[in-house]
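Quick one: the structure is below, questions incoming.
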Amino acid sequence: MSKTEILFTDAIKDAVYQSIKKDKKFFLMGEGVSDPSSMWGTIKGVSKKFGKSKTVEMPVAENGLIGVAIGSALNGSKVLINLQRVEFALYAFEQIINNAAKASYISRGKHNVPIVIRLVIGRGWGQGPEHGQSLENIFSAIPGLKVVIPAFPEDAKEMLISSIFDPNPVIFLEHRWLHYSKGKVENKFKIKKLSSFKKITNGSDLTLVANSINLLEAFRIAKLLRKYRIRLDLLNFCMPNPFDNNLLLKSVRKTRRIVSIDLSHKTLGLSSEIISTISDNKIKLKTFPIRLGLPFHPVPSSRGLVKNFYPSGKNILIAIRDALNISDKLFRKILNEYNKSTKKIPIDVPDPYFKGPF
Amino acid sequence: MSKTEILFTDAIKDAVYQSIKKDKKFFLMGEGVSDPSSMWGTIKGVSKKFGKSKTVEMPVAENGLIGVAIGSALNGSKVLINLQRVEFALYAFEQIINNAAKASYISRGKHNVPIVIRLVIGRGWGQGPEHGQSLENIFSAIPGLKVVIPAFPEDAKEMLISSIFDPNPVIFLEHRWLHYSKGKVENKFKIKKLSSFKKITNGSDLTLVANSINLLEAFRIAKLLRKYRIRLDLLNFCMPNPFDNNLLLKSVRKTRRIVSIDLSHKTLGLSSEIISTISDNKIKLKTFPIRLGLPFHPVPSSRGLVKNFYPSGKNILIAIRDALNISDKLFRKILNEYNKSTKKIPIDVPDPYFKGPF
Amino acid sequence: MNNLELISLYKSLYLIRHVEEMISKNYSKGQMRCPVHLSIGQEACATGLISNLKLTDKVFSNHRCHAHYLAKGGSLKKMLCEIYGKKNGCVGGVGGSMHLQDLDKGLVASIPIVSSSIGMATGNALYQKRRKSNEVTVIYLGDAALEEGIFFECANFAALHSLPIIFACENNMFSVYTNLKDRQLDSNFKKYADAYNISYKRLDGSKIDEVYKKTKSIINFVRKNKVPYFIQMDTYRFKEHCGPAVDDHLEYRDQKEVNYWKKKCPIEYAKKLMKRKKINEKKVETIQKNIEKFVIKEFKFAEKDKLPSYKDAERFVYV
Amino acid sequence: MNNLELISLYKSLYLIRHVEEMISKNYSKGQMRCPVHLSIGQEACATGLISNLKLTDKVFSNHRCHAHYLAKGGSLKKMLCEIYGKKNGCVGGVGGSMHLQDLDKGLVASIPIVSSSIGMATGNALYQKRRKSNEVTVIYLGDAALEEGIFFECANFAALHSLPIIFACENNMFSVYTNLKDRQLDSNFKKYADAYNISYKRLDGSKIDEVYKKTKSIINFVRKNKVPYFIQMDTYRFKEHCGPAVDDHLEYRDQKEVNYWKKKCPIEYAKKLMKRKKINEKKVETIQKNIEKFVIKEFKFAEKDKLPSYKDAERFVYV
């Protein structure tokens, strides 16, 4: 298993190029699919190298676009769709929910819709109310869709390949800031079974659930806490839909404490399902479960306004303190070390830590 | 306060006619707004009586339609939009989420969007995967929207009036089967503050949360159980968005037991938020919270396939038994009485009980 | 069009009409427990065009899909079982009357959300073009479907990529109870086709010979040149929008207009054609009888077929 | 167009150009922390048309809204504060550069989702019509906006109800890096207007005199007759799609084409006009200097203005 340290964007590119090689029926579709910006460089050169045989440039018409992708996919084409921001997909909810999500069900499995819809999500540089949402909870509430959320560059490649070769429609949510991160990535093409959770660190004190950019922060914190002999079972909640709770329940049965972080609003966020699943399964916790996430208002543009908007490393540490009843003294020490280890940077640019390598 | 026993549909009609009288700037918009079926009779005669001054007939183009309604409403018109089924609104998610929900936020309160979007939801007569959803959990995950779900005819009138005169965009979800129900309804025009919960029966044994058609079943059960000295705090979860949890928390602090019923899928349904809110507020329950709702698959058409799909009265009773540890003997007695009191009817037509009067 | 062709068209027309009449007649027994949108009056739009298609050509439809399904050779048994909500339904009872499909026969999907199947159909045509296949795609749409934006999005795409797709528009001048006049400027849809430089033809959708002959050459043209085509077929729905009855007492449409179109009944028209061509009336009666027998048999099967098991309800959410 | 008018138009043009250049110049300092879509090259489309509007007429815009906002008289101070994410921004910093609005001046809303503001604008025109007001509504849209279905849905509605709305399409031939050729059949948008029997005019969007004069009579026509109108203004964006720089090195557009349009620069063109009309060059320089001073002042204000308090972030979700 040879790995190379590459950028998240290159991991995506790897997945795309290797999928092209692997399956003749795979192609890309999207607004600007052949343009020089190439989705943060993730599909760079595809159009030049393969031309129209692998890329279909689209008018700016998202519902039609997804409809066309579904129609092609019904015939066994695998289609990768690129949309620069999750909000553009709102035009296409009709096709996504009525057709993509239900074609297999209605046809009793005769129709497959092997499309992947890459959507860029999340915060950054004043994107504002209509360019900064993530909506993973909404997609996860629709039976028939798969929702995949990579965090590490390794995930990006592995999960994108697995999504492309999955016969179901997959919503693939890429956080804008992850594009700058680096990490060791498997060179070879490999299809792995997608599952809801991936264990990142092993520990029996507390289950910490996060995904996407929040997972990177959670990872830093898990590593920091290990020094203080606080061991977290850190789970990457990388496929919220369909939701298989095995790994989660196993973890919580062990730790009996949980903190769960949402990318989106706390209200009706993924953590609400996690907490409910735990109680559905009658698992007694030692302390109340804690969820972190965005307050219930749109994403403001100004950095002044987002000051308390996103869950920070400090918020996560406080939640863990509360769940574990960490003493004030110890907590101050931990927080101190955390603050020292992180650089003071503006709130609207990615923490250098997020760049990896992981 | 004089009340008259009328149909749910007439309660809606009352609300519409009285609102027309009350506010010159109020009008109706929709596909078939002037047709003889008049949305189950709920807007019967409006077009004939008032003509184009109060009704704007629309082409079949939901996203445009909602956009036009928003644009009119920005100027202070109150607009009532009728869509025959919730699924048609999927075309309009772009306008609903990007513009209706965010106009006030983005304009710092200068824009109001006083529109009400009536959407018919729910089960009945083989409607199938694209005509039988409810999606209240999805609308409730969007900050800026209000989501209102009437159950009794009285609600229908009171809540529709309050929605029309609310300066925010309201998604008004009417269960198809409620249209046949009857109940005592206040004659006068009255605007009441909309709130998330309404207490239906008072009791200290268990909190039962339901809305729409499920509330009627829950009400029947609450009445039945009272004979056995089991007293339920029955809450009508009639405005899930925005979510004010006061009454809920008060109730649960008293009963320390809860069963919550979803109209939609259990997964990421409203009950998941209820359960999470309770644990956010560190309320210790005596038994695990229980949620009921639809399994995670589309709504099938055939009555054969929906056999176990919707939560039944029996399911609710079982949940209550589990939450309260009711003895087998007593439970058999209760179930027996329940079965006797209900008529054996096909699964795809409304229980005669649902017709009221309430 | 020779006599054999005409007879074969008549068989299709009569099958559709008779099945729909039987649904209408038996609906009140309460065993077909799903909404039904009958095609009575509009049969020639389905039969005339689809009879010119090859088995491998693909058809997509909407809520009013019975005629398209039957004209494309879809199994009547499976259709009725579907409407009855039974196990042997073409989609096992999950869909009901508005989701008919028969993949073996090339009726790929029917979607009851207005215009929703246009995207899928266009994607299918893209697939055909990319594979350099010789198939064509037909998407049936009502007049109201021309009001949804996705129609224009797809027309633009089909024109831009020169796809072998036929937009087959059945203009019955109504969307539910709402007159076309209240929804669009006028009833000539050429303007929409022109916006994308798409070839256009307007046909009398009541006349099986006209539809059949004209669409034959259109289909050949599309197949050869791989270009989109818009066909407007003016027609009329004889029954209510949804359900088994007639609703003209509601007075949403002009009784004169109703009478005008009833006189143009596609079945009667086809009969006249056969008469003119001296096709033996006895023969026609025999054909009808045979169809009727067949239809009764399939109805009986559907009535007796089992309900699907609730355990199947949770299958196939994911592949 | 007399000299006073021309000078007044030039002031608007120069203000827009200069503000945009200053944004471009200062963006790299990292204090304008939101995406910016500059209007450099497209100024005459905004100024020429909007200068003919009354204060009470309403304008709706899209992601590229700076020029429309300024031409309609929107406060520069509030615009810059918004782009700087500051407290005195026109929407208090929640929106950033793509959500400019100034209700007092009739710039009702800018929405960065392509075509999304068309619905609101059409609704505004419906309101005007129902109230029998004398106002008109202008909706600015890019060439790509004609690909979204909602444009057609609203064009149909506006035509059907005969609403006083002007679809002001700025055709800069690109959607981000994608050429119009790859998205639509050709660059003559008359076909779309024709589909709804909407009057249409194509203008050279670089020529302030042409835009000003022609749109004056169009606006009068719309105001008087309460009908929709489609104006296509061909134009060109000089900078990159989003951001402060030039991206022609990426070679997504033909250098010859770039040069052709740069020669047609609307500011230079207006200068030539003034020269021809013998307007004193000194006077022009003074105008420019005054504008520059004003702009610097507002930039300084914005730079120094406070960030909004995070406590305000949760306000106004509901009224």
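Observations on the model:
In order of appearance the chains are A, B, C and D, and numbering begins at 1 in each one.
The rule is short, and it goes like this: a contact is a pair of C-beta atoms (placed from the backbone, for glycine too) under 8 Å apart; a residue touches a chain by one contact, two chains touch by 3 or more.
This one's a predicted model, so the numbers in the text were calculated from it and none came from an experiment.
Any chain bridging chain A and chain D, meaning touching each of them, is among B, C; the list is complete.
Separating the centre of chain A from that of chain B, both taken as means of CA atoms, is a distance of 33 Å. Per-chain Cα centroids separate chain B from chain C by 36 Å. One finds 46 Å separating the Cα centroids of chain C and chain D. Centroids of chain B and chain D (each the mean of its C-alpha atoms) stand 43 Å apart. Counting partner chains per residue, chain C has residues 92, 94-95, 99, 111, 113, 147-150, 153, 156, 160, 182-184, 317 touching two or more of them. For chain B, residues touching at least two other chains, in rising order: 58-59, 61, 63-64, 87, 90-91, 94, 98, 105-106, 129-130, 143-144, 242, 296-298.
Chain contacts in this assembly form a complete graph, since each chain touches every other chain. Taken in their complex, chain B has these residues touching chain A: 63, 87, 90-91, 93-94, 97-98, 101-102, 105-106, 129-130, 137-138, 140-141, 143-144, 242-243, 264-265, 267-273, 275-276, 279-280, 282, 288-289, 291, 296-298. Within the complex, the chain A residues that touch chain C are 27, 56, 58-59, 61, 63-75, 77, 94-95, 98-99, 103-112, 143-144, 146, 167-168, 242. Residues of chain D touching chain C in their complex: 147-153, 156, 159-160, 182-185, 191-192, 194-197. If you check the complex, the residues on chain D that touch chain B are 91-92, 94-95, 99, 101, 103, 108-109, 111, 113, 116-127, 130, 149-150, 153-154, 156-157, 160-161, 315-319. The touching residues of chain D, when paired with chain A in their complex, are 33-35, 85-87, 89, 92-99, 111-115, 144-145, 147-150, 175-178, 182-184, 250-252, 306-310, 312-314, 317.
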